[in-house]
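Here chain A shows up in two complexes: once beside chain B, once beside chain C.
Here is the complex of A and B:
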């Protein structure tokens, strides 16, 4: 499993791997919003948590179809399915690799982009914490969508349509943590829900996605 | 000990039965070559034996973790070098012998070349070298010689012979003469499924096709 993780990370960081694409998209979005809404703090600060979370979510979505599609195209997925690794483990590892290459850079970049959007300094730690708890669920749910649409030509759009509704709970609670953090209110309830969604996704998705893969490989 | 027993096997592709009533056994040291016209279901049968799809009817008996499957696609990552590709599969299968596998398929000189820079025949050789690092006894090969030149086919025949000599077995679908004299040949034409009967678990397949 570690070999698979290392391979996926290596592939993502080599030429054409798409590493950094998510962060670049996040930057573009965070830089464009102030031009659209206007730069003053009174207008930007209230919407900043929501924009940052929507941006992180869309950036995550960009690279989802690569989780399984590339391995399916070159035949690796068939070979992985016949390898001694359980397919559930393969799904979990590939979702983890997606999170490390997409989610983790977003978390590190988020405070910088928060400044662009006039996010109050008090909210910064909460933004980082909510992303840290929430983005693994995005990668997991995305792996499930990618497993369902693997092998479909132009499956990317269908994947987005399937996955975005599943992202809504994470988005709601993640943005709520950041918003409450900005106001100095209690953040415990949304934080617990956010962590709960992530844990549930991490526990259940590998089995669901592996089942979807088995059907698609037939 | 028998490596592979197939009894009364029927397989389906896209909800239609391809071949039915196929039966054979493979003992260590044996090779079986599947022949038959295009579309009769050679690939489907091999995928079923490899465990990628369930049989419609019949039974396949294989010891656990015995199959190494090689399909039309080689499963190579263009951004990784030849040696890195092999090393990955060796780690996944818990085998080793990357250098020996490269040597067996005459790829040492290309070991540090990215797979993207290999020719079609070289990629094929690398894909076949993967079989050696899996350490698995039963090779299930689907048209292994596509895009190989005559010298490489002969080299691969030697590799298969060595594998059989070490107690392995091979199930090969191919149209050309591999030059593995001891291999038995099974022509699938008489096993073509009678038309009109659809396979039972077809609905699910069609929904996702």
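Here is the complex of A and C:
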């Protein structure tokens, strides 16, 4: 499992792996929003939590098709499927690798973009914490979507159509944590829900994704 | 005699052949009856004549949810027992469900405009119906994207299972997110909250009509799918010969 994780991380960080693309996309998005809404601090601050969460979600979506597509093309996915490691484990490791290469840089960069979008300083820790708790669920659900669309020729658009509705609960609770943090309200309830979604996704989604992969590899 | 006999396409075709005219007639009578009876009801003292849209709105909304549940059951039967008719029925039901969701959203908007003064509000019920519609669209898109019919049935089945969990989760997440304008249960059995009998009975009839309409449509569409499969099999045999 660890060998697979290291292999995936290496592939992602080498040339053409698309590492950091998500963060760059996030930066562009954060730079575009003020052009659309206006540079006014009073206008930006209330929408900042939502924009940051939607931006993280879209940046995450951007690299989803890489989870399985490249391995499917060169045939290593078939080898992984016949390997002694259960396919559920493979899915979990690949989702983890996706989170480390996409989710983690986003979390580290988020406070900077928060400053760009005039997010109140009080909300910064909650933004980071909510992303830390929420983005693993995004990677997990994304791995499920990628597993379903892996065999399709034009799977990219379908992937986003399938995955984005699944992201809704995570987005609601994640943005709610940040919004409440900005207002100084109690954040415990949405935070607990967010953690619950992530834990449940980590526990159950690998089985669904592995089932989808087995169907596609038949 | 077990219900699984109907998993045999030939048996299914024969049975539904006899059943279908009755279903269509029943659906027509109940739908027209419910809607006309509903149209002749007196005006509500607060809502005026706009209350009559309820006879379209509530049955469509009910069916939008029930069709997804039916798809879930059919997908489970396909995944567990590999009955092709079940998978085809789930496929046939999805566009009907999507249209029902659209009817509920559209009639809701038309009703909401005079009553709430807005076509759309990010109310939990409205939002969860929009989300349900997105799930229907994704499900239909996946069916049309996968070429191999058995893989398509399997993949959409898995999507339906995961989607059901998340549709339900979204339903309660949006409750947390925003409190809305929509009233609670429309058909509460508690006295005092209950709708007046003048409106209730035409509504029941109209709901029955929508249910029969769905049954008739889903059977017709499933029969079409079975015939399409047979045609494809014949063509494949022709190609080989």
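In the analysis below, the second predicted complex is superposed on the first by the 218 of 218 C-alpha atoms of A that agree within 3 Å, B and C clash if a C-alpha of one lies under 4 Å from a C-alpha of the other, contacts with A are read in each partner's own complex, and residues count from 1 in each chain.
By our rule, a contact is a pair of C-beta atoms (placed from the backbone, for glycine too) under 8 Å apart; a residue touches a chain by one contact, two chains touch by 3 or more.
Here the structure is a predicted model, which means the values were calculated and not measured.
**Student:** Could you look at A:41 and tell me whether it touches chain B, chain C, both or neither (first, second, both, neither)?
**Tutor:** So A:41 meets neither chain B nor chain C here.
**Student:** Just chain B (first), just chain C (second), both, or neither: which does A:218 touch?
**Tutor:** In the superposed model, A:218 contacts both chain B and chain C.
**Student:** Is there a shared patch on chain A that both chain B and chain C touch, and which residues make it up?
**Tutor:** Shared contact residues on chain A: 215-216, 218.
**Student:** Could you list, by residue number, the parts of chain B that touch chain A in their complex?
**Tutor:** Within the complex, chain B touches chain A at residues 47, 50-54, 65, 67-69, 71-80, 84, 88-89, 91-94, 130, 204-205, 208.
**Student:** So in the complex, the part of chain A that touches chain B is made up of which residues?
**Tutor:** 2-4, 7, 10-11, 14-17, 73-76, 78-85, 215-218
**Student:** Touching residues of chain C toward chain A in the complex: what are they?
**Tutor:** Listed in rising order, the residues are 131, 134-135, 137-138, 141-142, 145-146, 151, 154-155, 158-159, 161-163, 166-167, 169-170, 173-174, 176-177.
**Student:** Show which residues of chain A lie in contact with chain C when the two form their complex.
**Tutor:** 144, 148-149, 151-152, 154-155, 158, 161-162, 164-166, 168-169, 172-173, 176, 189-190, 193, 197, 205, 208, 211-212, 215-216, 218
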